[in-house]
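Given below, in the form of structure tokens, are the structures.
You will see chain A twice below: alongside chain B first, and alongside chain C after that.
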Partner chain A sequence: MNRTASRIFALLFGVLAVTLPFFAGDYPLQVARNIMMYMALAITWDMLLRSGQISFGIAGLFGIGAYAAILSVVRAGMPAWFSILFAAIFAGGVAFVIGFLILRLRAMYFSIVTLALGEIFRIIIHNLHDFTGGPEGVVIQKGVVFGGKANSLYWLVLAGLAVAVAASTWFEKSKIHFALTAIRNNEVSAKSSGIDIFRWLLLAFVVTSAIQGLLGGIFVQSYGFATPDAVFSADFTLLPLAMALLGGVYSTTGPIFGAVLLGLVSEWLKLKIPYGHLVVYGIIIVVVILFMPQGLRQLVRRTPHGADGRSA
Partner chain B sequence: MIVKRRVAIIAALSIAAMTALIVWKPTVLIYGLQAAGLYAAVAIPMGLVLGIVHIVNLAHGECMMLAAYAAYFGCKALGMDPLVAILPTAIVTAIFGWVVFQLTIRRALKAPELNQLILTFGLAIAFSQAINLIFTSQTYKMPLEYVSASMDIGDISFGVWSFVFVAVAIIFAYGLTFFLTKTMTGKAAVAVGQNPRGAAIVGIDVYRTYGLVFALALALVGAMGALFLTKSAIFPGVGSPFTMKSFCLIAMAGIGNIPGILGASVLLGVAENFLRAFRPTRDWAEIVFFVLIIVVILARSLKGRKS
Partner chain C sequence: MIKLKTENLTKRFLGLVAVNKVSFSMEEGEILGIIGPNGAGKTTFINLISGIIMPSEGLIEYKGTDITYMPAHERARRGIARTYQLIHPLENLTLIENVMVGSIFAKGHGLREARTKAEALCHELGLTGLDRDTSRLSIFEIKKMEIARALANEPEVLFLDEVMAGLNSDETKDLIAMVQRIALERHLAVGVIEHVMGVIRELTHRVIVLEAGELIAEGKYEEVSKNPRVVEAYLGGGTV
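And now, the complex of A and B:
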């Protein structure tokens, strides 16, 4: 029952996502692109969360990818579409190196260090004036991907989202799922069952970081410029986190659901309240953590279960 | 014995480094100490909460920001000086802290640590964005005469007002140590921090103690908020750097070691101002603390692994 419902939901969502450019105008497309971007980030955040590690460094890796893409085009003359791949590889490589250091940390220490790393990346980019353009950032003069056409850019973001969904599904369906869940539940028992904890964490960290870098590359290519404040914005950490929590963590559908809901709400609020509409995100995080730690999925899931329980 | 020798060596080295600094760049040391006082005074209440309630309050800096806004508008309405507002602000934020604790944090105490982390993260966003919503991102500043007081020694001139932060940090550190070791309530709080279950068995109301400690920490932060207002302009994001800095200092000192925060903050403050003193490295001063936090945490985790 539940499974068919979520399949129908997934199918409807997929059809809508693919057909949207054929009937929607520029503004809805722009909104959809934003939502899909955050949705993909929310999924990657959730993928790492499945191992019990909370990352506050999404913005850091996103920004690294964004700068890798734009600098490889501007400074090295790389073709636009290849620079996006390069962004993913670069962010993945960075994650691989720092993973050796920080994946031995647990709980709040891991979270705080990811937050600090994001800031370090931002400051480095900010201060290397000659190479990165400093606080003013860099602009792509020519060679933006697809010449900046709205429809093509929509497909590009959708492709990024598809990568995230595919990776998340792979994590869910393969034995990675069992490894990560075991690590989350109890590391000692996971280890005694023969799980190489560090290796699985490294895999999850590198894959999620590479996708975050890829999305950074797509973001920067679709806008044609990057400044430290724009691509390392705290929004890229905060919004995905709130979306995944609201929809329900440890799944692919949860973050998708949360992103659609929260994305539409925030777009509406942005028009109504220009300052401080993010307060809604803070309140949502608090309320969700306190009253429904499983997110909205909990509501969807509990109803049929409760009914079954009574009838049986 | 070995520990004592190491402490002595570290003390001797730092005294030597300080003397060298005084001779070479006296302003680095002066401004470094002033910054250290501010960092420590903000970090100490967070250290109290972390040591006893075992919660990383990621909304800590935002609480100071709220207190500063409260003090600002209180002062505007009643025409008083921020220094007079210290006590009322502390009382108001203590009550606020008690309410926040009962409404949110108390319910998450039994949840996994990660939930608590996300909860306080959410509180931080809610606080800063609520202020952003009400007062927009405009900055507010109190025009005050006495904060620009300066002093000349030889051919250098420097502001002296910020030394008040140093004094406050020392008062906080030793006042809290006195409270925790000499008073009945303080001893009960330490007992709860060490072993909540054991404390409950001997008849201590654990949740009441947690609430009390949280309210006390917020009272100190509130006092700091009013004091901060004398020196600095306030805006919604003014508090958030202090959260990370405070956590860094606590991690350096070791959780539960409140006087140790003083030493850690001197290191951070002087290092930042040292980089700021030279033109080519000025922009990199900001990074010192982030690097320091990572180094400290990694070093601690490696040390823990060995023992």
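And now, the complex of A and C:
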């Protein structure tokens, strides 16, 4: 996508996102909320990918945020809106601590550890029965944000998406862009130019994790309940990944574009063949990888011609 | 004035001693040649000084400060810059952005200021078409870009690791003049690893010779090139 086309697309998308509640019914609004949630996650995944680190831990941090939000309301009586903020802070804090341990790892080692961490978080919450409610989960009896009103919840999710887009734009326009791209391209060169690699990776990991936690908080506050299987679902890792890959990585517009496309297609497929959308996700990942002979690694090491994240 | 010195600098990789008790120093304004046969430990030596790998023993002192175990990025900020034997362009950044990186992170300049400084550097080195992707650059341009990126650190000590390799004779001549001018104008201490002896003879004030990790000779090129030990180690007999 060239610059002009992507600007027009971004503008159209923005106008649509803001005006939708004024003319759309409950069903399209619900679909839009869903798509925007995954879109925001796809953007955060891409933000970390710009450093060359492929995370499979989105669901883990999303779930951590979700439980931080719901438990702070149910167990500590925190106001609903504040619990969403707390979710972001908590997930960011967790990322800060584990970042010290895992950000020495690279490539598939990092990916596998993030995948495992997500699963560990799920098991911990599953087993801390007295505090977390175990496999049955937790329900918010009262104090759901906006009393669960669909229109208001739409704005809440849109706000979460706006945070992701703003952070991603900040990553693109500031020196962070130079730091992450240099680290992705060549760590030795990056060091020789004075880049403190660990510090920038930690920043990217904490910021993206905090936003994933924030979105988890928004998610539970929208539905009023959390179970380990619902909030740590592999969907929260795989769908954003497929969306970003489809739309084009290393940019903000790529994941947005991919999310709209994949979100609409899957919604249509859900009606036609239940669970068929999962097959489509699988096919998309396979096709994308097939046409990039070196697979994910190629994505990390170089940008295919015409899909350059910088100009998108 | 001594900018940089090492004392008994040693690096062992398991059983192999890649750099063995090397002591040397570099003065401000000096262009020092670092020569020796393949596998002599020249690049390892520079890797130790720039902090890409850490020494097993010994001392590295930069402007009177012990930097032996300082992280590489910190050394870059304090003024030690280098290029690499194998070219390392940041391929997802444009030519000008590659050069900006050093300015942004080693010197902490803002993006706008870094760009202005990078443009001036590129102009000085005769680089044009600054918004091109690195995949569209010639080898000569990439070499100059890597020198510009190192200079963007505003270094006091600069190492060039086989920067002339792969260039034709006109380009080599250009680059020799360029390096001499840069060193003179900035009062740099420059360390040059090079295999082409003509380049070493023209460019350097002094050379050190490494063989099997040890410093076996140092002095002016004319003296060192007649040193029997150097002739044997470096060329396996014959003349230079």
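We adopt the following convention: the second predicted complex is superposed on the first by the 288 of 312 C-alpha atoms of A that agree within 3 Å, B and C clash if a C-alpha of one lies under 4 Å from a C-alpha of the other, contacts with A are read in each partner's own complex, and residues count from 1 in each chain.
What we mean here is this: a residue touches a chain if its C-beta (ideal position, glycine included) is under 8 Å from a C-beta of that chain, and two chains touch if they have at least 3 such contacts.
What you are looking at is a predicted structure, and each value in this text was computed from that prediction instead of being measured.
With the C-alpha superposition on chain A as described, chain C and chain B fit side by side in the combined arrangement.
In the superposed pair of complexes, A:L261 makes contact with neither chain B nor chain C. Of the two partner chains, chain C is the only one touched by A:T181; chain B is not. In the superposition on chain A, contact of A:I54 is made with chain B only, not with chain C.
By the touch criterion stated above, A:H126 is placed in contact with chain B alone, chain C being left untouched.
Chain centres taken from Cα atoms put the angle at chain A, between chain B and chain C, at 80 degrees to the nearest 10. Of the two partner chains placed around the shared chain by superposition, chain C is the only one that A:I197 touches, whereas chain B remains out of contact. In the superposition on chain A, the chain among chain B and chain C reaching more residues of chain A is B. In the superposed pair of complexes, A:A159 makes contact with neither chain B nor chain C. Look at A:M108: by the touch rule set out above, it reaches chain B but stays clear of chain C.
After the two structures are overlaid on chain A, the closest C-alpha atoms of chain B and chain C sit 8 Å apart. No residue of chain A lies in contact with both chain B in one complex and chain C in the other.
Per the touch definition, chain A reaches chain C in the complex via residues 174-175, 178-179, 181-182, 184-186, 188-197, 250, 302-303, 308-310. Within the complex formed with chain B, the residues of chain A that make contact are 52, 54, 56, 101-102, 104-105, 107-109, 111-113, 115-117, 119-120, 123-124, 126-127, 238, 241-242, 245, 273, 275-279, 281-286, 289-290, 293.
Remark: chain B residues 56, 104, 107-108, 111, 113-115, 117-119, 121-134, 136-137, 236, 244, 247, 251, 283-284, 286-287, 290-291, 293-294, 297-298, 301, 305 touch chain A in the complex.
For chain C in complex with chain A, the touching residues are 50-52, 71-74, 76-77, 81-82, 84, 88-94, 97, 100-102, 104-107, 110-111, 149-150, 152-153.
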